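You will see two complexes here that share chain A, one where it goes with chain B and one where it goes with chain C.
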Partner chain A sequence: MSYYDLDAILTDAEKVPCKFELDVPDLGYLDNNPSQGLKAQTPVSLPLWLAELLALSSRTQSSNPEDSAPFLTLEMPKALSNEVVSALKADPRAVALRDQTHNMYGLATRMLDLFEEPEMCAVLRRTFVTRAAETALHARKAGATDDVVRGEGFLSGLEEWERSLFRRAHDGNKACKEWMEGVKK
Partner chain B sequence: MALPLPQGLVPTEVAFLCEMEMVTVVPRQRLESIPLLSGDTPVLRPPHRAPMPLWLALLLKKQRRANIVPPAWLHPASLADIIHHETNVDPQAFSPPPPPPTRADGRTGRARPFQENIRSSREAPKPGDDPRLAPPFLPSCTADAPGGYLPYHWLELAEALLAHAADDVPAAAEVRSLLRDLQEVRAAKMRGSTQSLEGGGGVVVLRGVGAMELAESRAFVLGVVDGVRKLGASAEATRRDEEANGGGGRYGGGGGRGDFEDSDEEMEF
Partner chain C sequence: MYGDLGNKLVHHAKRAQNLAHLPPYQTELVRAVTREVRDLEKDLADMLESFEGGFDPHADQAKSCTMLVNHLSIRRNKRCLLAYHRTRTDKLEELVWKGYDLVDLPGQQVSSNSGSNLAATDTSSSSLSPQEEDYVRQYSDLLAAYKGQWTDIDLTGSLEPPRDLFIDVRVLKDAGEIQTEYGAITLTKNSQFYVRQGDVERLIAQGYLQKLG
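And then the complex of A and B:
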């Protein structure tokens, strides 16, 4: 992952729900209440890079991992909630991942690093390969036939990883077709 | 990012490499041997067939000085057989590549490709020692290549022959449509092959896939493999940790890679 990778930066900026474990003065504006401080256990949404940092670092100096208390606790973002995961389990192709978040898989890998969810990992992997095959089919057909309408729903639901897959598959096909048309010369 | 070229060979490069393949020509005029970097070409005497690299054969064909004998696998019946094999016999895998050439004495693996001089029996190389048994050096596109098997450069060679020597290919129109079918069937398999990655340990079997098909889907397949790897990275790390912990217990915590990895968690300062 490059320093200038825009997708990584955008994934970092995804909001994740979390709760502060302690009262924070002067942060009330996060809860639309600027006049008061932020109470502990108020649900707020923070960007992933900040939330991850605060959830993993300890607010006490002790190095004993037993009583390390983080500043806040993380929760699974809505895009990876139970409803979405069970919908993906039912039919990976029917869910428009882009409507959940633009960097679905990027966010998922980051969250899987933080939470141990072997089942979600398996579901996502199955989703990815199933949708990849479908994506490649559309990439091959794109531009070749006129039935844009059929694939439109699926293609607009592709998230960033899948879009780049689509581009790769389509570029390969295009180069091959161009060569084939040029053989005659 | 620095170089805008994709990974691996692009289709035009593959087609260029394909021009090195040997094909059989039937000359119409005499032509003396030409000394080339790859070796001397055989002397052409009109009714005798001779093996030629594809690029030279196409050149002679364009000048109407030779006809090209299409390989047996390019015959419509052979192509139909292959399609049948791909769709009905083995709908999962690709049809197998041509078998290594056999000699009359039944020993495989000792090809006698173009221009290989019959060496004296004393200095005959050991079996498996022949550096020419890789696809570009096997005579897989000459007239005596076996039918019913697709060689490595099947698509490029077929396209080149159909484009420049269509009058030499029997039933060219039928061959063309069969090739399209075959291409579609195999492209669908190529897309489907990534499905086997789901389990995590899946390996995509690419036996019998042609060079052009590889060039076409390389980026896509690599993208899927990479994506699956990234999605499984955390599960893989957990698995390794568990393995390392288990191993550490068994060996009484004696040093090892696993112990080194979790030393951050276990050591107390």
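And then the complex of A and C:
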């Protein structure tokens, strides 16, 4: 993930629910209320680029990392909530990831860096493998059969990474076909 | 909220990545983001000044939280700005390698509709910022100097092996006289020629000629 990677930057802009652990009089605008200060325990939704470091940096002077107190505490974003994860567990192909967030896997990777969730990790891995196979299947068939209608729902639910996968698989198939035709001549 | 404008800029860059041409430079947006950074910087400096050098981040936690938020917003904006410009320069370099005449093209547009509407040509004259035009010019010079080392190989030539040595071309724009092995030809608009592909490859890439058949 490069500093200049546009998808990484957009993933960083995903909003995450979090709660401030202390009163901050000057940050009312984060809760759309600039005239009043931000009270502790107010639920706000902040982009990841802001929330991550606020959750990681410690506000008290302490050499022991165990009792360091961060400025705010993070929660799992809705795209990775229990409902979505259990839906993915039931059938990875039936969930439109794009409706959750455009950068599902990017967001999940970032969140799993912060949270210890081996089960979610396993579910997402299985999700990607299952969906990648399905994506490749659709990429090969796209434009060739009248089967498109069935796949349309699935394809419009692809998130950004899967889309690029689809595009590459599709282009690869096309180039391969063109090459084969050239050989016969 | 801080950082929203930068986000917009990145969305612009993302869209530009999938386009063949380069969309206009977002002068206003870039200016707004830099202004935001400057405002934040000023806030930070003011806050630091109030401590008169004796700043202890753990003593006033609310203040230090505000400052951290400000600082992160600045960093975020910087990343957005850099990514936006990097995407554009990548694209510009690609276009230079392909042989598009980036600096000349807008100039021709201006001359073709000057007189009729001067105000409009000013805004539509170029999708590049002045700095970007400079960049393209210098990059083209660099590329030309690099290519100059090998006179028998055209590094920016087409990688497709030609099927025929000679091709039919139609002239789309007046390109003046060119010298070939078989003498000079004057390329006037809408005329057709049967010429050696190697002689006109550059002109096709620049959009002066169109290959027929």
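Definition applied: the second predicted complex is superposed on the first by the 183 of 185 C-alpha atoms of A that agree within 3 Å, B and C clash if a C-alpha of one lies under 4 Å from a C-alpha of the other, contacts with A are read in each partner's own complex, and residues count from 1 in each chain.
The working rule: a contact is a pair of C-beta atoms (placed from the backbone, for glycine too) under 8 Å apart; a residue touches a chain by one contact, two chains touch by 3 or more.
Note that the structure is predicted; figures quoted are calculated from it, not measured.
J.: Once both complexes are superposed via chain A, do chain B and chain C end up clashing or fitting?
T.: Taken together on chain A, chain C would fit alongside chain B, as the superposition shows.
J.: Let me test your reading of the model: by the given contact rule, A:Glu116 touches which partner, first (chain B), second (chain C), both or neither?
T.: The answer is first: A:Glu116 touches chain B but not chain C.
J.: After superposition on the shared chain, which partner residues are touched by A:Tyr3: those of chain B (first), chain C (second), both, or neither?
T.: It touches chain C, and chain B stays clear.
J.: Applying the document's definition of touch, where does A:Ala87 land relative to chain B and chain C: first, second, both, or neither?
T.: neither
J.: Considering only C-alpha centres, what angle arises at chain A between the directions to chain B and chain C, nearest 10 degrees?
T.: It works out to roughly 80 degrees.
J.: May I ask you to decide whether A:Cys176 touches chain B, chain C, both, or neither, giving the answer as first, second, both or neither?
T.: first
J.: If you stack the two complexes on chain A, which partner ends up touching A:Pro47: first (chain B), second (chain C), both, or neither?
T.: So A:Pro47 only meets chain C here.
J.: After lining up the shared chain so the two structures overlap, which partner does A:Arg125 touch, if you call chain B first and chain C second: first, second, both or neither?
T.: It touches chain B, and chain C stays clear.
J.: Is A:Leu27 in contact with chain B, with chain C, with both, or with neither (first, second, both, neither)?
T.: After superposing on A, A:Leu27 lies in contact with chain C but is clear of chain B.
J.: Looking at the overlay, what does A:Ala136 touch: chain B (first), chain C (second), both, or neither?
T.: Touch status of A:Ala136: first partner only.
J.: In the superposition described above, what is the shortest C-alpha distance between chain B and chain C in Å? Please give a whole number.
T.: 9
J.: Does any part of chain A touch chain B in one structure and chain C in the other, and if so which residues?
T.: Shared contact residues on chain A (touching chain B in one complex, chain C in the other): none at all.
J.: Could you list, by residue number, the parts of chain A that touch chain C in their complex?
T.: 3-7, 9-10, 12-13, 20, 22-27, 29-30, 47, 49-50, 53-54, 57, 59-61, 71
J.: Within their complex, state which residues of chain B touch chain A.
T.: For chain B paired with chain A, touching residues are 6, 10-12, 15, 159-160, 163, 187-188, 191-192, 194-195, 197-198, 200, 212, 215-220, 223-224, 227-228, 230-235, 238, 265, 268-269.
J.: Help me check something: in the complex, which residues belonging to chain A touch chain B?
T.: On the chain A side, the touching residues are 63-65, 105, 108-109, 112-113, 116, 118, 121, 124-126, 128-130, 132-133, 136-137, 139-140, 161, 164-165, 168-169, 171-173, 175-176, 178-180, 182-184.
J.: What part of chain C is in contact with chain A in the complex they form?
T.: So the residues of chain C in touch with chain A come to 1, 3, 7, 10-11, 13-14, 17, 57-58, 61-66, 68-69, 72-73, 76, 79-80, 82-83, 86-87.
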